[in-house]
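The letters A, B, C and D name the chains in turn, as written, and every chain counts its residues from 1.
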Amino acid sequence: MSSDLAGRLTEDGHRLEVRVYFEDTDFSGVVYHARYLHFLERGRSDFLRLKGIGHRELMAGTFGAPMAFAVRRMEIDFLRPARIDDVLTVSTRTRQLGGARVLLDQTVLKGDEVLLNANVKVAVISPEGKPMRMPPRVLEVLAPGASQ
Amino acid sequence: MSSDLAGRLTEDGHRLEVRVYFEDTDFSGVVYHARYLHFLERGRSDFLRLKGIGHRELMAGTFGAPMAFAVRRMEIDFLRPARIDDVLTVSTRTRQLGGARVLLDQTVLKGDEVLLNANVKVAVISPEGKPMRMPPRVLEVLAPGASQ
Amino acid sequence: MSSDLAGRLTEDGHRLEVRVYFEDTDFSGVVYHARYLHFLERGRSDFLRLKGIGHRELMAGTFGAPMAFAVRRMEIDFLRPARIDDVLTVSTRTRQLGGARVLLDQTVLKGDEVLLNANVKVAVISPEGKPMRMPPRVLEVLAPGASQ
Amino acid sequence: MSSDLAGRLTEDGHRLEVRVYFEDTDFSGVVYHARYLHFLERGRSDFLRLKGIGHRELMAGTFGAPMAFAVRRMEIDFLRPARIDDVLTVSTRTRQLGGARVLLDQTVLKGDEVLLNANVKVAVISPEGKPMRMPPRVLEVLAPGASQ
């Protein structure tokens, strides 16, 4: 696995660089608002990945019963637009952990400039869509301060 | 213009039916969370469309200077999942109007069941991304109670 | 089920109207090339749907073993661009049927103007990705001349 | 600019690693067919990028009149499916150069296994969608054997 491709763990979370391509833009000339949610999800996935948790393993039941992550709530402030060819940084930090959901703070930056702030509540669900308890291993790796 | 394709105006807003296709789902078996933002945007676009305001005309300067809509803030609760082949209803209502932004309440339903609630703040921006005043014609058609 | 939302059967196939939204465009001002594949897939799905075959039922094993459609080959000519707010027609016709794959001719039109031509080879696969025989019911409804 | 993020030039073209995320998959469990076109476009964009040609500069007229790339024709064979968490390699080579279009061979691999082959014809168009001549600088960098 290329760790560059999966970003890097930081003192309090994770950072991932993403490129803006044609697919991410719309006819108004800037990045389509829903595409930032893709960038945020890549950040969350790679944060888990670098801690040893992959979506395929989660779904295969490696961490208990088969499960997948699902977003329960998002508050998103779209502050400044990104454009084609930009390299953005997706920063992810755990704000609060619970047995059934995790609250994450995520930011999209261009250099030092904040383009977007998001508070994201994620939970794990069964393949049938039922809420489940977070597996201990997932809670452990997502605990604030556990990044290194 | 097919008015069916653009949904219909209601007493206090707009309703649009959308179909869930392959493109909207992910490997966990349900609709990918960011895709609901596409559905919400279709609802907002068709609400304006049935009131005589198209994105192409906005960008061409028909309502003053060239402009496009941009989402500034979203609060979204993802309550229940939708699945392939489902027909969903996107409901859009104006909550509050201002000179520089509009607050909308949007809901995604499957039959009578609410799958998602969203509060959306939209603004208009210039092609260079600068905030602009809402054109009077846009404010007029989005005014609560002006739907019919 | 709204049959409008699923297009309509024609003498030799199926026609579906689709709207171009923000999500479909890119910063060059026109529809992003990969989005036409979404439109084509909606046409194929609704063609089957109006014949009584849904993706959820296919995956649930209603037509034999669990299966899903997969695209095997596409030849696509992108002739003219579509733009925001356009209403396009997706036309789908069966060209050739085989036990393991179906060849379809698909066209995207804007009014009478052809924007895109595609030859599409589709097959059915198991949930593990293995090629399968087309169920008789699927072959029957896709047979050229069986549209009405 | 991170050259890792933009892949690397090879003896006869360009190679880019891409990760499969939630956004790329569909409910059948594998990558949605249209998403491979995104991967291919990222490969083409980063090939040009490493040669000093960005989409923003093209559109700003840095290489002559304002222009953007557009896909004219694709032949795609979808051979084997990719899945969530996979790291794929997008390989891009110039097959033939002309004044008005470029033919590219593109492949998506998982390790040594070929998942997809594509022949892609691209052209440059004006912001109004009119075909244009390829700028000499673009022809120069895309010439077969000019990669290093």
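Keep in mind that, in the parts below, a contact is a pair of C-beta atoms (placed from the backbone, for glycine too) under 8 Å apart; a residue touches a chain by one contact, two chains touch by 3 or more.
Predicted model only: the values in this text are computed from it and were never measured.
Participant: Is the C-beta contact count larger for A-C or for A-D?
Facilitator: A-D
Participant: Approximately how many whole Å separate the CA-defined centres of chain A and chain B?
Facilitator: The answer is 25 Å.
Participant: Between chain A and chain C, what is the gap in Å from one C-alpha centre to the other?
Facilitator: Centre separation, chain A to chain C: 33 Å.
Participant: Go ahead and note the Å separation of the Cα centroids belonging to chain A and chain D.
Facilitator: Taking the average C-alpha coordinate of chain A and of chain D, the gap between them is 26 Å.
Participant: Which chain C residues touch at least two other chains?
Facilitator: 22-23, 27-30, 34, 38, 41, 55, 59, 83-84
Participant: Graph of touching chains, which shape: line, ring, star, complete, other?
Facilitator: Graph shape here is complete: every pair of chains touches.
Participant: Per the contact definition, I'd like the list of chain B residues that touch chain C in the complex.
Facilitator: Checking each residue of chain B against chain C gives 1-2, 4-6, 17, 19, 21-23, 38, 41-42, 45-46, 49, 54-56, 59, 83-85, 87.
Participant: For the complex, give me every residue of chain C touching chain D.
Facilitator: It comes out as residues 27-30, 33-35, 37-38, 41, 55, 59, 68, 70-78, 80-81, 125, 127, 129.
Participant: So in the complex, the part of chain A that touches chain C is made up of which residues?
Facilitator: Touch residues, chain A against chain C: 22-23, 25-30, 32, 34, 83-84.
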